[in-house]
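Since the structure comes first, as structure tokens, the remarks are kept for the end.
Chain naming follows the written order as A, B, C and D, and within any one chain the residues start at number 1.
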Amino acid sequence: MNTLNIGLVGYGFMGRTHSNAFHQAPRFFDLPMRPVLKAVCARNPERLRTFASNWGYESVETDWRALVDRKDIDLIDIASPNDTHHEIAIAAAKAGKMVMCEKPLGRDAKEAEAMVEAVESAGVANSVWYNYRRVPAVTMLKQLIDEGRLGRVFHYRAKFLQDWTISQDLPQGGEGLWRLDVKVAGSGVTGDLLAHCIDTALWLNGPITDVTAMTETFVKARKHNLTGRIEPVGIDDASAVLSRFANGSMATFEATRYARGHKALYTLEINGEHASAFWDLHDLHRIQYFDHADEGRVRGWRNIHVTDGDQPYMKRWWVPGLQIGYEHTFIHQFADFCCGIEDGTGAAPSFRDALATDYVTDAILASARSGKWEAVAS
Amino acid sequence: MNTLNIGLVGYGFMGRTHSNAFHQAPRFFDLPMRPVLKAVCARNPERLRTFASNWGYESVETDWRALVDRKDIDLIDIASPNDTHHEIAIAAAKAGKMVMCEKPLGRDAKEAEAMVEAVESAGVANSVWYNYRRVPAVTMLKQLIDEGRLGRVFHYRAKFLQDWTISQDLPQGGEGLWRLDVKVAGSGVTGDLLAHCIDTALWLNGPITDVTAMTETFVKARKHNLTGRIEPVGIDDASAVLSRFANGSMATFEATRYARGHKALYTLEINGEHASAFWDLHDLHRIQYFDHADEGRVRGWRNIHVTDGDQPYMKRWWVPGLQIGYEHTFIHQFADFCCGIEDGTGAAPSFRDALATDYVTDAILASARSGKWEAVAS
Amino acid sequence: MNTLNIGLVGYGFMGRTHSNAFHQAPRFFDLPMRPVLKAVCARNPERLRTFASNWGYESVETDWRALVDRKDIDLIDIASPNDTHHEIAIAAAKAGKMVMCEKPLGRDAKEAEAMVEAVESAGVANSVWYNYRRVPAVTMLKQLIDEGRLGRVFHYRAKFLQDWTISQDLPQGGEGLWRLDVKVAGSGVTGDLLAHCIDTALWLNGPITDVTAMTETFVKARKHNLTGRIEPVGIDDASAVLSRFANGSMATFEATRYARGHKALYTLEINGEHASAFWDLHDLHRIQYFDHADEGRVRGWRNIHVTDGDQPYMKRWWVPGLQIGYEHTFIHQFADFCCGIEDGTGAAPSFRDALATDYVTDAILASARSGKWEAVAS
Amino acid sequence: MNTLNIGLVGYGFMGRTHSNAFHQAPRFFDLPMRPVLKAVCARNPERLRTFASNWGYESVETDWRALVDRKDIDLIDIASPNDTHHEIAIAAAKAGKMVMCEKPLGRDAKEAEAMVEAVESAGVANSVWYNYRRVPAVTMLKQLIDEGRLGRVFHYRAKFLQDWTISQDLPQGGEGLWRLDVKVAGSGVTGDLLAHCIDTALWLNGPITDVTAMTETFVKARKHNLTGRIEPVGIDDASAVLSRFANGSMATFEATRYARGHKALYTLEINGEHASAFWDLHDLHRIQYFDHADEGRVRGWRNIHVTDGDQPYMKRWWVPGLQIGYEHTFIHQFADFCCGIEDGTGAAPSFRDALATDYVTDAILASARSGKWEAVAS
């Protein structure tokens, strides 16, 4: 069996989820190639060695350029902060490597456009880790929609609510907190949380044409971990959106880190003429499904425990009733990517697919500034 | 339109629920007769007058025998403590009155047998207020079972959990607390809470043939309100039962007033070969229904909000999505009773139906004493 | 005890809920006066007599002007379609009657302003039936907010989702369907469903200053019941809103009659620095409450079954665990109104309070037309 | 770092969960030794090689005696059917190996007693895979109980409901279906599902002293996969139990494979004087917790999403709000086992702990035969 030699950039939270996927995918899925954890790259040598040892990487690099230059690497996987995606991905593509990249693709659509151009020019396989597409319940919802079960869609609504930045004492910037530093992250919850909502929405319900939005920064200044000074907060703490889809349906979106009591409450709902569905990340192995074709007297939302062998991905895991968790979404995506290389179709979302999300989040941020409806580029 | 002249005995909690039913039933249902709140009877004249005035009773009596003797009364409704049911019901039947009686029918089956004999000899309409049969969700479950949707039944399980007697400082006996006085109540949770579970079970799933049971009295002595002395507690604080039904299914039952956190959690579930259903008093307007005939991939428990016009009783109330509450079960039962008089079929559960529950609770208490399986009389 | 002589206009759905409240309030609450159902007014004499008989009205009128002129009426209660509110309320106020009016107050703020002017000039007690304020769980949430338990509020979100107009075959106009006729209703879901969300939001979270909104009419033409012709649909079928509150918090609102699977799903959530709460009309007797002061390890959303005697209104009803339903909200409002007359404070929401909701819904409809943020009048 | 050389017996469902734990534990936990997947043993050589290759075992054996004899193995892990546990475990202990064994320990207490004797005589580390103790929510419940938060316990109730054997066409015996063959399994749901309930109950609530029980075999005969003939079914399809604990509390237990609609619904609830808790395997990352010390008006069951770093095991995984799944319970148990070797305390449940469960299940089966209360051996 061929090998797929992987070079990872970044050893933070996402470095762990990706590395775990590289190990687990071949044990639970029939992959057409054998992943090899060839090298991991980060700046702190001591922590890097610990990470490499723990996750079984064969070697380490402290400069991503060196990693990209290595001949024994087939795939560059980018799990470092947002401000690094652009440069690394383009260099990797130019070096003829396949590229997987954490979301969002770029800090804005301009960066993302260049990245798309790079991978498409190079003709290399590419994918962005919008992992929630691979929650079995969400994948099943996509199947149900594609089968035409919902009929004409009227409404889409999604939100991603967290509460971890409410304290004014939380600093910004530096490791673990770069998501609060607008220079590194590009934006706040819009590019971080809302981007997940948008990616799934585009996948399930097609293009978004127009948006109007508001954002808010509740805590205006925080100590910056890198400078030690109190500095203005440049990110959006919360973001709320109205939008229209090309299929005539309308949507509300919201993301925040100020919703006390919610840890990572990503919920989505879609209402069609014939059926509706609801999903909630906090119980990701369930989907609520309403089918109007059910006999009226006993019609109700079906609470589906997505753990059966005939439901997406689940025959690879345990037995009905036994749930999987968060990290499995990365395993599924990596397994699909490997199969996609083999059969030539690639693994969605591609860089181009992810660019569409950047167009929407750019329009959202533009609308929040202009106070007007903004058309989404495409 | 003919009138139905009602004489109520008792002005406690159940006196209120019944009186409310007498007023509300004719406004929401097409009754074949007009209920008239003719008289109410209780011992404390001052409180009696207040109650009569509040609920619009035309007159009062302080001796139930006087009430029973009145020529202008058609129906005696018994809402007084358990130890009074027997004597009043028999006298009322002998006087040719229709009789409605709070549950349990007798403090034991022996009392209940005499009551059945009395109403059947007299040929008077009769009914026992096992009100939970008239929760629309429960009534609909009965319909689904009668339509054969469940197939062969394997399991039944019900419990009624409360927590209001955990404190050792709670006294026993006297108004509002006679349920803790075994002489008045006959038993503890077995006759009070478990009797509801049994009545519904017999109605939905047919006769129970054998039981084995345990009871427990967690607080052994409490101050008695009537004597002022600490006295042994004679009631069962908790009761748990295994049983077999005539249809071959098996059951677990449990009732307690020591389940911290539960106010009145009466839940029941029935598992059949083809379908299952679950109901919960705390959200009485919902039923959970699982139909194995649903397509496998989208099979799940349907959460049915029983508020539509094609669901039992609900076309009489509001519009879909708007729930009704506890007292409506009494309104429904009284409306059914009035219609039952008219068409000659009576209103279930009759005294004879309720006697069956007393046979089961007697067997449960006997098994708790004997430590053996006990056959249920019939 | 003094009497309160009531004259009702309208015998539709709301005529029933109000009439029920007039009967039930004095039985369950200690009112300072005795309500008398003096007269009911509507145009169809036959149905009017049936209604009057069923609900115990002493007399009938077929012209509301005659009702308003009667000397034996203290309170005019308006339960007729929206296009009648304005004229009747002003005439009633001029005649010195107290006025209760179904929501929305006017079809637009201009009508509502005239109504406020009329009752305030006349100095008559007045109230608008935004009944959901009197759901015990919602009232309790108001108490918790007033006690300062939430701290600084960041987010408010509410939606009211129905699905009963999805079919294109449903006609517009005429009895039971006037809500689809823009001339009668004034607007579609914005004035009907969203107005409930706005009223509660203003009550719980203070003034809304700015909104941006979109509306949609999914079915563009329907047969009109009064003309028999296919006519354009003038109402909004769906409405979605972003808004800012004076307290610095932000909100999303949504209402629709095209959310397949939802009957009357009015939900609201408020997120504060210290605590959050969530409520859902489909289980109106519950509130979800999250208190960040709870010890971290065992912190979670508390599922509160609002049926205890120390929770709003509930000591008037049954015992813990036994839920009440939809119609009780009207009973509570009428009881509060009677007490408000007595102590001079009136019963919120007053006409002036309800005008504030009309200002918001006007701004929403204006924004949906203009595509811009609109300031809310006050 | 020292190595722990593992020899696994069995490559079925449990062989996969254990092998996964051996790989994952060292990546997520700081283990005092490095697990090495030295050898796997099973009878079918072809499938064995595939399994060994997939899971990275260094070698294979087709005779467990050869495995036990190998000098390069430190730990024998038994994941083969129940009828093999006894002989392998005793041989392994005699060979001085540490032993981990799937549950139930023996097919009956007699077998289990010999196994306990063997490991204790040999002085080897031992543990039984009652994995549900290591669900973070369940572990946290154990902590809360140990901290005295529940006070005096009144009630315990647990059930494990499945529906996968309802069809009469399902055969018994052979691979994947040996759980229906009484000779191999020892019993039906009592030793399979109910044993999980009992193990957790003993851990959380202490010794069970007496039981009364009933069992049922709904499908009396099934085709046997090994003989090809219709043979009587010897297992119990369903089991229901009442019991008393040494601490004075009472319990109900139930297990079945005939509860239509339930896949693997293991639920447990414990009611104490001060607090109660509920857990459900279908959403294993949650616990419902009721604390009576909460202020009355806002008291409710707390829905705790057990995914925070201060909750058991969770700091090893992702971030708050991101759930883990079924297989993690095995990872946790193996990590604890490794640490237990190091610090000398071992990893509960030991063989002796698991023997206690066999005593209870033996008493349950005896009571089902005798129709009497049976004392539990100890």
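Here, contacts are C-beta pairs under 8 Å (C-beta built on N, C-alpha and C of every residue); 3 or more make two chains touch, one makes a residue touch a chain.
As the structure is a prediction and not an experimental result, all values here were calculated from the model.
J.: If you line up contacts by residue number, which pair in A-D, A-B or B-D shares over half of them with C-D? Let me know.
T.: A-B
J.: Compare the CA centroid of subunit A with every other chain's and tell me the farthest one.
T.: Using the mean of the C-alpha atoms as each chain's centre, the farthest one from subunit A is B.
J.: For subunit B versus subunit C, what separation do you get between their C-alpha means, in angstrom?
T.: Each chain's C-alpha centroid was found; their separation is 36 Å.
J.: Could you state the distance in Å from the CA-based centre of subunit A to that of subunit C?
T.: 42
J.: Can you list every residue of subunit C that touches 2 or more other chains, as numbers and ranges?
T.: In subunit C, the residues touching two or more other chains are 262, 301, 305, 308.
J.: Note which residues of subunit C are touching subunit D in the complex, please.
T.: Checking each residue of subunit C against subunit D gives 140, 144, 287, 289, 291, 294, 296-305, 308, 310-311.
J.: Give the list of subunit B residues in touch with subunit D in this complex.
T.: So the residues of subunit B in touch with subunit D come to 154-155, 157, 159, 161, 163, 166, 212-214, 216, 218, 238, 240-242, 244, 250-252, 254, 256, 258-262, 271-276, 290, 292, 301, 371-373.
J.: Show which residues of subunit C lie in contact with subunit B when the two form their complex.
T.: For subunit C paired with subunit B, touching residues are 13, 17, 20, 23, 26-27, 54-55, 162, 164, 262-265, 281-286, 305, 307-308, 317-328.
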